[in-house]
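If you scroll down you'll find the structure; I have some questions about it.
Chain naming follows the written order as A, B, C and D, and within any one chain the residues start at number 1.
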Amino acid sequence: MALTTDGLIDAIQRYADAIAEHRKLLIDLDRAIGDGDHGENMHRGFKAVAEQLEEQRGEQPADVLTFVAKTLVSKVGGAAGPLYGTAFLRAAKAAGDADELDAAGVLDVLAAGLEGVQQRGKAEPGDKTMVDAWEPAVEAGRQALDGGSDLDDVLRAAADAAAQGMRDTIPLEAHKGRASYLGERSKDHQDPGATSTYLLFAALAGRDVSAEELSDK
Amino acid sequence: MALTTDGLIDAIQRYADAIAEHRKLLIDLDRAIGDGDHGENMHRGFKAVAEQLEEQRGEQPADVLTFVAKTLVSKVGGAAGPLYGTAFLRAAKAAGDADELDAAGVLDVLAAGLEGVQQRGKAEPGDKTMVDAWEPAVEAGRQALDGGSDLDDVLRAAADAAAQGMRDTIPLEAHKGRASYLGERSKDHQDPGATSTYLLFAALAGRDVSAEELSDK
Amino acid sequence: MKKLINDPENVVAEALEGIELAHGDVVRVSHDPAFIVRSDAPVQGKVGVISGGGSGHEPMHGGFVGMGMLDAACPGAVFTSPVPDQMQAATAAVDGGAGVLHIVKNYTGDVANFEMAAEMAEMEGDDTRVRSVVIDDDVAVKDSTYTAGRRGVGGTVLAEKLCGAAAERGDDLDAVADLCERVNANVRSMGMALTPCTVPHAGEPSFELGDDEMEIGIGIHGEPGRETVKLEPADRIVERLLEPILEDLGASEGDRTLLFVNGMGGTPQIELYIAYRKAAKMLADRGIEVTRNLVGDYITSLEMAGMSITLLKLDDELLELWDAPVRTPALRWGV
Amino acid sequence: MKKLINDPENVVAEALEGIELAHGDVVRVSHDPAFIVRSDAPVQGKVGVISGGGSGHEPMHGGFVGMGMLDAACPGAVFTSPVPDQMQAATAAVDGGAGVLHIVKNYTGDVANFEMAAEMAEMEGDDTRVRSVVIDDDVAVKDSTYTAGRRGVGGTVLAEKLCGAAAERGDDLDAVADLCERVNANVRSMGMALTPCTVPHAGEPSFELGDDEMEIGIGIHGEPGRETVKLEPADRIVERLLEPILEDLGASEGDRTLLFVNGMGGTPQIELYIAYRKAAKMLADRGIEVTRNLVGDYITSLEMAGMSITLLKLDDELLELWDAPVRTPALRWGV
C-alpha cells in the first residue's frame, strides 16, 4: 500500500473537517495560555484549502502539498501559518516528483515537515509547542517502519505517539510561543498547536477524533 | 415655642447626618432614573456645611441660612446645588433680621424656599421632582397653622405631607430633570430629590428616618 | 468596581494634577476653584470661550482647552455639573476685554449653575460681558417646553471647535455667540450603549442590561436610554441612530456635512470604523456629502461601551472654521 | 459577547472600509491583500517604513500611516499576525528606491511571517533592499535566548514615530534601521489589566478575573499576565509597572525621557491621567526629566481595561525626531 494523490487529498479533507469540528476547542485551549485564535487561524486556512482541494486531483502529491503550503502561508498568519506552511513546503520538497509514496517515502515527508517546523520556530521537544506532538510521531513512525510495519501501521503508530505527545504537553512550562509569556502559569494546560498537530496525524491515519480525546479537562 | 438659631443649627446638623446615613440610598434612587450622584452631591454639600456649622451659633437664623445656601451653591453642583442653594437663599431673605422665628415665620421661610426651587427649576407639582415633596409640605404646614397648631405640629404636618409627596412621585412620569429623558421608563421609581426634600422636612420636625421608610422597594 | 484610581473622592483632583503635568505647554490648571485654562490666557482683545460640565466625559471639556478652541473648562465631580464659583473664576481668567461666551450643555444642573454664576457676577458688579448658548442636539429626547428639553451631547464638541476658531480669528462676542446658536441649529446627535458605566462614588453600574440587550437613546451620564432592545448588527444600530438624526435635521441631497462617530469610552476603535463605514454609506446613498469627519472618543461616559453619531450641516464658513488651526491636548491640527 | 459588529468574520475588512472612507485624505487602503498605505506612496527617494500585526490594537498600526510616520501598515485578523503576501505587497507599494524598513513586534508569528515575506521576495528575485528590526520592550517577560524573548509593546509606537521622522528627513535605510535599534535599546514597557477582552471570533473573554483582582505583566493580546494579584490603588499599580522599567532601563538622575501612559482600550482617560500623575512624580523624585509625554489609547487590546507604561530615554536627535511634523489619523502635529 502507498499514499496516492487521492489518498493524500482525502486525508487533508479529513483534517480540514476535523479542524472545523474542533475549532472552538482549539480556540479555548489557546485562550487559556495564548490569545484565543489558534482554532480560528487553522480553520481560516483549511477552509481555504478545502475550497480548492478537489482541483488538485490528478496532480502529484508534491503539488498538493505545495498548494496546501501556499494557501496556509497566505491565509493563516500568526505563528501557525508560517509553521505549518513551512512544514508543508518542506514536505512537498521531500515528496519530489513521485506519483505515490510508500511507507518510507511518507515518513521522509513527515520528517521533512518536522524539520521545517523546527527550522522556522527554533523549538525543541519539551518547549510545549507543536513540536512535542510532531517529533514523537515521526520517531514512532520511524520505529514502526524499521520494525517492518506497512504504511497503515506506520501512520497508526505515528498518530498514537502524537496523541501521547499532545497530552504530555500538559505539565510542561512553555519556552516558545505566546504561552512562554505566562512562565509557570503555562503549566497544566495542553498546547493548542500540539493538539492541531495530533489532529493532522490522526487524519493521515484515517482516524476521527472526539472532543473528549482532545480536551485537557 | 419658636425656632431659634440653635434650633435651626440642630435641625441642619440632623439633616446633614441623615444625608450621610442615606447617601447610598439616594445614589441608588438616582442610578435608577438619573446619573447616580444625588446622594454624593448632597453629602458633599452638607459635609461642608457641617464642618462650619457650629461657628454660626450666635448669628441670626438668616445668617445661618445664607451660610448654608452659599456652601451648597459652591460645593454641590448638579441640579441639586442651585435648587437647594436658591431655596436656602430665599429662605434667608424671608427670615429677615429676626432672632427667632415663630410658626408663621417658619412657614414663610419654607414657602420662600419652595418659591426659590420653583423659580430656579421651573417645575410644577406632578413633574416628579423635589417640588412634589416640598409643595404639599408647605401646604400642609399652612393648613395646620391656619387651624391653630403650634410650631411643632406645623412641622410635623409638613414632614408627613412631604413623606406622602415623596411616595406619590413613584408612579409619575418625569417632566423635569434628568429623569425626564427616560420618558415612560421614569415611572415606578421614587424621585431622589423628593426623597432628600422629605429628609429636610423630617429633620426640621426633629424626626429620624429609617431606610425602609425612604426606599421605594 | 474596578478602576485605576486611589480614592473615589480624589478622582477629579488627581486627574487634574495629571493633566497639568502632562500638558503644561498648552494649559494651566487652577485647583480651587477647579478649572483648566489655556496657558496664555487671557488673550487680549479676543472673545473668551469657556465650557464646563461633569467629569467622566474626557477628553471633553478639558482636553479641548488651547489655541483655537476653548479658553477654559470647568470640570465638576463625575457626572455632576461644576459650581458657579468655578465658572466665575474661569470667566475672569479668560476675559481679555472682548467678553466671554459660555457654551452650556442642556442639563438642568449645568444650565442652573451657569445661570447662578452670571447672577453672582452681576451682583458683584462684574462688568465682563457674558453670553450663554445652550447646546441641545440629542434627538433621542423629545423637545418640548414642558420638559427639560433635549440634552447637549456630541454637538458640543463641534460647537467648541467652531466657536473657538471664530474667537481666534477675531469675531466679536455676539458674532461668536450667534455662530454657536447657528451650529446648535444645524447639528443633531443620538447615542446607544452596549454596557453601563460605573461612577466611582456610586461603586455600582449605572443600569442593568442583559447579555443580549442594548440601550438606545442614551445620554452621556450613564443613564438608561429611551428603550432597551435586543442586540443587533452594527449596521442596523447605525440606522437606528442616523435615521432620526436625518429626519430631524432635514438633511437632504447636496448638503455638505461633518459626520462624527464618537465612542463612549469602552468601544474598540475597530468597531467605530465599522459604524462609520455604514453611516458614510447611508449618507452617500442619500446624496449627502461627508465633507469632514471625526472618529474617536471625544465625549465619553467613563468606560461605557457604545457610541453616538453626530451630524452637522456645513456651509463655507463652518468649513473654514473647522479647518482652522487648533492646538489642544485632544484635538490638534494646522500647528 | 457585546460588540458593534456585523459578523465576526468581517470585522477587519469592514473596519478597513471605514478607515478608507474616513481618512482618504491621508491614506489609501488595499483590500486584498489588506494593507493601509499613505496616499502619496511610494515617496521617491525616501526609505519606506512599514509595520504590521494583528488587528485589535487600534490605532496601532493603521492609525499611524501618513506623512512622518509609517508608509504602510498590514493588519492581520484580530490578534493574529498578518501574512507574508500583505507584507510583500505593502513593501512593493512603498518602495521609493531607497529601501524599506520592516518594524516587527517580537512575537513568534509576527517575526515568522515577516521572515517569510523576505524569503519569498528574495525567491521571486525582488531587489528591494529590506531591513527588519524587531521591537522587544516588555520588561514583564524575561529576556532569554531559550524563550520567545520579550514582547514588542508600547515602544513600537515610539519607534514608528521616530523612524518615520528619520525617513522623512532623508536618512538612508541603514541609518533608519540603526535608529530603530537604538530606540529599541532605550525603551521599556510594562502593562496591566483590570478586565480581559473578547476576541470577536472567540466570543468569550480571554481570561477570568475576580472582581477584586487584576493581571500584572500582560501583553496586548488579551493573554493573562505573569501574575494575578488583588486590586490596589492606582499609585501602587504605577509603582509595580514603572519600577521594573526603571531598573531594566537603568534610567538615572539627569536623564531626559519620554513618558508614555497608554490605555488598553476600555480605560477612561481620567484614570490614565491619575496614573500619569503618579508616574511623573516618581520620575521627578528620581531627578529624571520628563521631556515629552504621550497619554491616551495608542496600542490597545480591544476593550480591555488597563494600561501600560512606556519610558524612552531621549537624546537631542530623538527629541528632534519626536517633534518633527507628523500627519496620521491618530497622531498629528506640526502640520
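Keep this in mind: contacts are C-beta pairs under 8 Å (C-beta built on N, C-alpha and C of every residue); 3 or more make two chains touch, one makes a residue touch a chain.
Quick caveat: nothing in here was measured; it's all calculated off a predicted structure.
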item	value
Taking each chain's C-alpha mean as its centre, the one farthest from subunit A	B
Rounded Å distance between subunit C and subunit D, as computed from the means of their C-alpha atoms	29
Where subunit B and subunit C are represented by their mean Cα positions, the distance between them in whole Å	32
Subunit B and subunit D: spacing of chain centres that average the CA atoms, whole Å	54
For subunit C, residues that touch 2 or more chains besides their own	78
Chain-level touch network, classified as line, ring, star, complete or other	line
Which chain pairs touch, all of them	A-D, B-C, C-D
Touch list for subunit C against partner subunit D, complex	2-7, 11-12, 14-19, 21-22, 55-56, 58-59, 63, 78, 194-195, 211, 214, 231, 233-235, 237, 265-277, 280-281, 290, 293, 295, 297, 300, 302-303, 305-307, 332-335
Subunit D to subunit A touching residues, read off their complex	33, 54, 76-85, 107-109, 112-113, 115-116, 140-142, 146-148, 151, 199, 201-202, 204, 206-207, 219, 221-224, 226-227
Partner subunit C, residues of subunit B touching it in the complex	27-28, 31-37, 40-41, 44, 73-83, 85-86, 120-121, 175-178, 180-183, 185
